[in-house]
Structures are given as structure tokens and as C-alpha cells.
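Have a look at this one before I ask anything.
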Amino acid sequence: MSETFTQPMMNRPGVPQVSLLTVTSNSPVARQVYRMTLKGDGVQAMVEPGQFVHIKCGSSASPLLRRPLSICDVDRKKRELTIIYRVEGEGTRYLSTLQSEDMVDVLGPLGNGFPLGNRDKADRVLIVGGGVGVPPLYYLSKCLSKRGARVTHILGFNSQEDSFLTDDFHQLGETYVTTMDGSLGHKGIVTDIMAHWPPESWQAVYACGPLPMLKAIEQHMAGAYQTEVYLSLERRMGCGIGACLACVCHTPDSAISYKKVCTDGPVFKLGEVIL
Amino acid sequence: MTTSAKRRLEVQLGPVRLKNPVMPASGCFGFGREYSRFYALDRLGAIAIKATTKEPRFGNPTPRVAETPAGMLNAIGLQNPGLEAVLEQELPWLAQFDVPVIANIAGSTVDDYVYVAEKISTAPNVAALELNISCPNVKCGGIAFGTDPHIAAQLTKAVKGVSQVPVFVKLSPNVSNIVAIATAVEEAGADGLSMINTLLGMRIDLKTKQPILANGSGGLSGPAIKPVAIRMIYEVSQHVSIPIIGMGGIQSAEDVVEFFLAGASAVAIGTANFVDPYICPKIIDELQSLLDRMGVEYIHDLTGMGWKHGSAKA
Amino acid sequence: MTTSAKRRLEVQLGPVRLKNPVMPASGCFGFGREYSRFYALDRLGAIAIKATTKEPRFGNPTPRVAETPAGMLNAIGLQNPGLEAVLEQELPWLAQFDVPVIANIAGSTVDDYVYVAEKISTAPNVAALELNISCPNVKCGGIAFGTDPHIAAQLTKAVKGVSQVPVFVKLSPNVSNIVAIATAVEEAGADGLSMINTLLGMRIDLKTKQPILANGSGGLSGPAIKPVAIRMIYEVSQHVSIPIIGMGGIQSAEDVVEFFLAGASAVAIGTANFVDPYICPKIIDELQSLLDRMGVEYIHDLTGMGWKHGSAKA
Amino acid sequence: MSETFTQPMMNRPGVPQVSLLTVTSNSPVARQVYRMTLKGDGVQAMVEPGQFVHIKCGSSASPLLRRPLSICDVDRKKRELTIIYRVEGEGTRYLSTLQSEDMVDVLGPLGNGFPLGNRDKADRVLIVGGGVGVPPLYYLSKCLSKRGARVTHILGFNSQEDSFLTDDFHQLGETYVTTMDGSLGHKGIVTDIMAHWPPESWQAVYACGPLPMLKAIEQHMAGAYQTEVYLSLERRMGCGIGACLACVCHTPDSAISYKKVCTDGPVFKLGEVIL
């Protein structure tokens, strides 16, 4: 496997590489949602919140492509990476069958994550997540909290059964939960809660979730020019490293200008790309 | 390393000599920048760059890829920065590596092709052109050239007339009679063939009830199409005397040898780069030990062995 | 079961009504005897029997199968006991089951086809013929019929002239323009289409350096070809008004629905029978719950939904 | 999986069925050769020596087809089946990675095995095996020994490193081993040893192994009309149950007469089919 091939820049922070990681745990945290921890030297390279890894699901030719999954947490001391994924199709179903000691072929870290900027104690920061957009925000919130920023979280799920990580977020700061059916927290969507504050009250807003949610946030924040807003996007991917052009999105500059979600993103500043 | 060990992977594609027969396939490697973060590009036998068109193109809307059993569909739509940017930025950047470039070119009229071919063939590190007459993704585009022997031959002749370097024609597999196309472009002056481009395919999403790709259909690549590629190369190589760059689903050194046995003189690796960014240099390394195990001294001795000494016919 | 629950899987193939849309594909189910040990054949929507020729045939030498990524190659070579034995032994045996038979027929001349069609269409349990104009395995055989619109149309007309039952024409995917063939046979009187037959493919053995199949090349089937089948059915169904039996790599109820969305009115399951002998009745069961989850009442409502209400074009 | 589908004739001796069996052990016994034991109710149906099972290697679409492997031993009390397989390609490589508790999808028992006939104490029986043709002969020899037949074994391997089961055969009766390189037993091939006895000395001969070996045995036994000779053949298979006609061989009757290895065989009487 890949480990035998000379990797000139092994385990250097931020530099993508292929590593074989060992599953240390893998169990359900919500309906069809699993949390997996993976251990190995390759984890040393994973530093930036909002980056993702590209995972080979099995060693056969089918499923063929890697699957992009966000880095949800990193413990560099324990050399452990956490991902949280929902079982959607063949690839994630395969992941859900893995057990401790199984090996996984991981390419990462990939992409540009959430810029932490100069966040400090004075800053009020809003983090908004929906569904399986929530995982990368956990590592982000940890990093921001470490810097002392006052972080507010709004997490949206379909229902209580689909919710996860809510306790963990509570420990990092003020946390609001919304569900479509009202089975947990507020009945409704994340922007209902956002409406409680004027958009300018935040020095920064970070969001990841389904496209309609991101569009609603874009609209809500439209006039707040002082606030830095970062949105993390999803696209079907081929290579994950910028070579195949599967994952592009338009930018406002021209009809042919574009950004690649895998390398220019997945996190973009509001307005940088057309949602 | 003895001389023979060094030269055992060398291959000759007509006038072009490659230090080894492995190159990334067009469209699966961009212009090399991304993969240069993973290994030194000098290791490659050659690099086939992303199809270049006269003007810059954005390509198709997304989703542009979908997965299929042991394969993938793509409908990138020939997104590329256009001839000028390729000549001014990409090719000069690639010139830092000791590796010949095979410039894949596309267009929607003969004039487009001729325009791009004339200019790009003068770049110092372009060793050959690869005429993409088969890209199935661009509406009213390449598809027509690749499915009619006459039209394919006309285009080949026109491009040969202006090119400073050898011209390889990349064939579409979506045809009734691949041998007819191959012999037509050989007669028209092609210096070699690349085969195969992607098969036309589609996936439909059960939730939306619509095709997954925004473009509707796309090009099928990956291991799924390997047996189709092997069959076509096996047939065509018995009817032409120009060299063939084989491609379609290659994932291992064993696959490379299978393509040589069928009749290829070099190979290109596409989709597998997405699965493992190190796949090209890995396969180059593995080829050495595979040839040892097979008791083969020079890889070029394997070309066409599947039919040269056998009795089986396609 | 309510009436609607019972009838939700019913489909109409022109004049032929099937209790459900799932049938085993020709050549992958023999004449049903083997699978009758696993389940009651009455459960099936129909049975497409092994291609029948005028005279008994042994077929090709072995090896006759090889594996490929997510697929398999076969070069059985139309082995079958011949028309007489099929009429006297196989069809009467099948008559014990309440299931319509689709008689797949093959030949190497129009006269051969006409001879078999005339006789076999009089058997009481034969509900339709399926003209195998595309079998890639028999040298100088079916291949020519399936790749030329004129020849395909001629054959269709001749068989229609003698058949007592509707005639489905089974198309070869190894063509440049599948729509041209489809519309030609529709004009010639075909009552429906079966698509797709196998893609031409080959594997070469690294040890012997020869093709694995004794015949050289063979027909590629299984999940690998599913996107090619979907693409062709999606295209053809927009240009013809006769029903299509879809096939190519179906392994699950989800796959069946994908074929319906593309434009199929029934499906055939080939290679998957080898992997799981229970696959046909399993898929029939699973279709019920899949339709529930999708909120679809009648499966026939799904035919062509991939293009009927969408904007994407192939 | 298949277990949920009604199988009308579950676990009846000799009737093929699909069952999910549990791996109870899986370890190397020679170079690239593994012995695997599988447990489950489905094993109750496996009774005849020389029959085989058809195994799905993994749950993905690739590798697609099942792999035929001979039944090497059956313990109906423990509901345990033994197979011995050499790693050749993708399918057997997958099998070699399985561990205890993993599940395997097995179709079987398939085919016609070795007829035990009326073998009794008076009978002298010869069993000849080569390479991975040896496994099915072990269960055969056990069955014959139970009936009291005096069994002689000749087992051929490439070298000592490739040999397996030799001790087990010794315990069942007289056993000769040959290797191509002389690293174990006699240097040479199995027919060298066969030549020590006149062909007529055996009431029955049973053989399984590579085609050249079977052909040599056919030749050696050519005149011994009193001796029942059974040969087990190999063919690439599709269905394994007689439907696809992948596995045919010619019979002497006519140019189009044939037998299917999967259902008429894999064991044939000498002369029944053309080798």
C-alpha cells in the first residue's frame, strides 16, 4: 500500500499525504450517523479546522473513488483524528462496518479550512451548523475557544434522533439547537435563532451545512460588512487535490472565473463564490 | 543499475522516446502542478496535459462526476484556461521537469484544432499532440469527429499539415467499428493512436429522479472499462503499424502488462490518480519487479504478444 | 393485499401484460430448470430463455468466462439444444409454471431466424420473441445484424412476417448510434426493444500471455456496464414509442428503478443470478418496499420520469 | 442478505442453498495456502466428499463472481466445514484476510462428488492428489476409511513448502508424497509412485489435481477395466448450478454432446468426458 512509497514530506503539518490509519473506535451517535476515531502518524499533519480528509472505502475497485469527510477533531498527542459521518451510500455504509484495529487509507489534510484570524477575548463569534455540516465546526470551536473568543453555536437537525455533539458544543459555549419537528430545542431552522441578534453583533460567522441554509445565512448577513463570514461548501469530488475540476463553483468576476471547492475551499469568504 | 536495467522500461513511440511507458492521462492530472506536491514529475515517462482549446472554457455545470460500479462518470466539459494561458504559464512551468509533454487538444471545428495545434506544437517541451476527437462531454463538440472515419481522417490530415511534432489521435470507443476509424486516421498521417477515451454513460438519482450529472450523460472511466479497452487495442493493433498509447482503467503494473500484451507501446493512467495520487511512480517501480518475475528483459518486447504468437483471434 | 398493492408491480409490454416487471435475462437462466430448485418460477414476471437456434449447438471451447472489475466476460457461443428439443422438452416443461416465456432466438441468416421464429412463436406459453441480433460471440454470426440499421430492420420485418406473437428486438450496445438502430427496427414493425446486450471485451492472462477466453473476446456484463445501459435507454426511449425491457448490471431494486426512470417498462436480470440464485424474487419483494419509501403507487408510472419532467438532456 | 429470503429446503442434505457461515479459523498451512473453517446450520447439507461450495468474496460488486472451492472436511456435529485454498487472485486474497467471527456467503453443496460405491474391507483403494486438488480427497478418504476400505494415498506437491495435510493423510492410511524438487518424499510426480503397482491392483482409484496429472492417470489406468476410476475436474465457472454453460466439457458420444462440470461433475468416471 501507499506507505511503502516514499513520501518526501511525511507528517508535516498541512501537507497532504496518504496514510494508513488504524480505527480505534467506530460507533453510532445518531440515526445513521457514526463517529470514528483513527490513529496514526499521519494525523500530525492535520492542523486546520475546516479541512477534510479523503477516504478510500475498502480495497476493491468498487466503490472506486475516495469519500470526502470533514475533520471533526484532532488529538495530536494521541495521534488521533475524529470524523463523524452519516451513512448515505456504499462508501459510508462500508465505513460503518469497520471495527477497532481495521486499517483505513486516508488522504489528507485537504483544502483550506476556517481562517481563525485574530480572534481574541473581545470577539463575539457565531458558529452555525446543519446536519452533517456540524462536525468540522466542533474542531473550529475548540480552536476559537482556546484563543478566548466568546463563541455562540446554533446547530440545526431534522429531529432529536438525528442530533449529535450537542453536549460537546454546550461545553464550549452558548449553544442553541433547532429541529424541524421540535423534538429537541427550538422547532424550526437555524436562521430563526440567528434573527435574535442584529447581524453586526458578530465579529465573525462560520457556517457549514446544506445549501439552502448557507443561502439563508448569506441573505441574513448581506448588509453586515464589518462581519467576516465564512461558509463551507460541499461538492461531488474526484481527486480532492485540485486536478480534475469536478468540484468547481462560479465566482462573481466573470462567466468563466471559478474556484475549486477541494483546494480553494471548502471554506470561502462570503461573496467569494456564487452559492 | 546496469544499462539494461535502466533501459528495460524505455519505449519508443514512433519518433518519441520515453524513459518509461507510464504517463498520466489527459484531464486526470491537470497541468501537473497538483501532483508535483506528491512526487517529482521527472519520474514520469511523459505527461498528457488537460485538453487545451483556443479560448478558455468554464465547462459544464456541477455535479460533474458520479460514481458507478468500479468506475466513474465525468462531464467536466473541457474546462481549461485556453491556449494562451497554457503557452504562457502551464508549459513553461512544466519545462522545469525533464519530462516530455503530450499536448491534448480539442475544438469544435477543424479550424479550432488547426489553430491550437499550430501554436502549441511549437512549445519546446511539447513532444507530441494528442487529438481529442472523442470527448463525449461537449455538446456539438468532439463526438462527431471520432465516430466517422472520413471526418476523423480529414481532421487528422489538417492537423498533421501544421504540427511541428508527431500527432497521436485519441479514439472514441463509442463506435461500431473501431478498426475502420483507426485505419482511416493512420492513412491520414497519424503518428500514433491513444485509446480509449471514455464510454458514454449515465446515472440517475432515485431521490431527484434526474440524471446525477448536470450534463445528463458523461464519460465512463476506471477499471469497469478495462476489458473494452483491451479488446479494442487487441483488434486495432493487428490492423495498424503506428504505436498505441493504451488507457482505460489501469490500476496496477499487471494492468500495464495486459495492455502491452494487447498491443500497446505505452500507457496512460487516468482515474487511478484520483484514488491514489502516487499511482504513476508506484506502477513504474512495480513494473521493474513484475518484469523480473515474468522473466522479461525489455517491456517493449511485450507489445502485441497476446496475438503475435498465439492462435486466438478477437 | 389490496387490489392496488397486488397490481402496483404490473406492467404492460405492448400487448403483453406481466404481473411484475422482473425477468431473468436470456442465457443467464438456461430454461429455468436449475433455478426451479431454488424457488417457484411462477413468482417471475416472465422468463427469457436461452437463445434458441435451428440446430443444436455446442458453442465455444472453454474457458468461456473470465472476471473483470465489477463484471464478467462470456463467450458461451450460443450453446443450446436446438429448436426441436426446445419445442418438445423445454417449453412443455416450463408450461407447468404460470409465467410467460420470452423466446430469445438467434441465427446466422435471415432464413434461420425466420425458421425458428415461425415455429417457436406457436408454442402456447411463448408470449413474445426476443431477436438476438447482437450476440458478439459467434463468428460471422449475429454481430452484423445488430450494427447496421438496414440489416436490423430487414431481419425485424422478416421475423414479424411469420411470428404469431409480439417481437422484441435485442439491441447491441457496440454501435456508434443506438438511436438509429432503434428507430429503424421500430419502423420495421418491432413491438418492443430489449437493451442492452453485452459490450465487447477481452482479458489477457499474464501467465499464458494469451486471451483468457478460448474465443479471444467475449461479452461484458454485470454492474460495470450499468451506466452504459442507462445512457442508451435514456436516449432511445425519447425517440421510440415501443416499450423497452432494460438490462445490464441490475443487482437491486434500486437499480430496477433507475432503469425505469431512464425509460424501461420492464427489466431483465442476467449476471446477478450467478452471484445470488434468489436475486429475482428478492428484487421483486424489495421493489414493493422501495416503492413505498419513494411514495410511488404503480411502478409503471416511473417509466421515463428521468427525462419526462426534467430539463437535462443526454 | 440471503438468509432473509425464504429457502424452502433449508439445510436438507445435498440440496444447494445460500447460507451465511461464520469463520471460526483461518490460517496458513503452506506457502500461500490457507485452511479456513466455517460454522453454521448450512453445513448440515454438506454430505458428499468431492462436492464443492461457491463462495462470495466480499460484499462489493468487485470481485463479482463466486469462487468454487472444494469441501475438504465436514464436522456435522460441530456444524463446521473446512476448506483449503491457495491464494491465486483477488477472490482468494480476500478470503485470506478474513478473521474469526467474519461472515461468509456460501452457496452449496454443489456438484456430484466421489461415489463411495460398495467399498468395504476387502477393497484396496488408491487416492491420488496434486496441489490444491488434494483438499477434497481428505474428506473422501475419511469416508472410505469409515467403511473400512484399505486406502493408499499419493500426494504430489511442488516442494515441501507447498505441501499440506500430509500428516492427516498418514493417519488415515499408507501415504506417499512426491515433490518436484525432492524437498519432501519422492522427487518426481505422482505417477512415478503409481507405477509401483499394476493398475488392476486397485478396486477403485480417485484423483483430483492439475489436468496433466489427470491425463497421466487416465493413460496409466487405460487397460484396467475392472477398476473404477474417478477424476475430479476444474473449470472456470459462472453460476455453479448448471445454468450458464460456462463449465462444459465434451463427451465421447458426439461433437455436440457435453457434460457440465458444476452439476454433472466435478467428479467423472474415467472416459465419461474428454479431458
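We call the chains A, B, C and D, going by the order they appear; numbering starts again at 1 in every chain.
Assume a residue touches a chain if its C-beta (ideal position, glycine included) is under 8 Å from a C-beta of that chain, and two chains touch if they have at least 3 such contacts.
Remember, predicted model here, so these are calculated numbers, not experimental data.
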Notebook entry, point to check: Where the contacts of chain A and chain B overlap, which chains show up?
Noted result: C, D
Item checked: Winner on C-beta contact pairs when B-D is weighed against C-D -> C-D
Checklist line | Centre distance in Å when chain A and chain C are each reduced to the mean of their C-alpha atoms | finding: 46
Next item on the list: Averaged over CA atoms, how far is the centre of chain B from the centre of chain C? Could you give it in whole Å?
Entry: 34
Checklist line | Chain centre separation (chain C, chain D; CA means) in Å | finding: 36
Notebook entry, point to check: What are the residues of chain A that contact at least two other chains?
Noted result: 61-63
Check: Taking each residue of chain B in turn, which ones touch at least two of the other chains?
Finding: 69-71, 222-224
Next item on the list: Select the category (line, ring, star, complete, other) that matches the graph of chains linked by touching.
Entry: complete
Check: Considering the complex alone, what residue numbers of chain C touch chain B?
Finding: 68-71, 73, 147, 174-177, 199-204, 206, 209-211, 213-217, 220, 222-228, 230-231, 234-235, 249, 254, 257-258, 261-262, 294, 302, 305-306, 309-310, 312-314
Item checked: chain A residues touching chain C - in the complex, by the definition given at the top -> 61-62
Next item on the list: Within their complex, state which residues of chain A touch chain D.
Entry: 58, 60-63, 90, 94
Margin query: Help me check something: in the complex, which residues belonging to chain C touch chain D?
Written below: 27-30, 33-35, 37-39, 56-59, 62-67, 69-72, 74, 76, 79, 222-224, 251, 271, 273-278, 281-282, 285
Checklist line | chain B residues touching chain D - in the complex, by the definition given at the top | finding: 69-70, 223
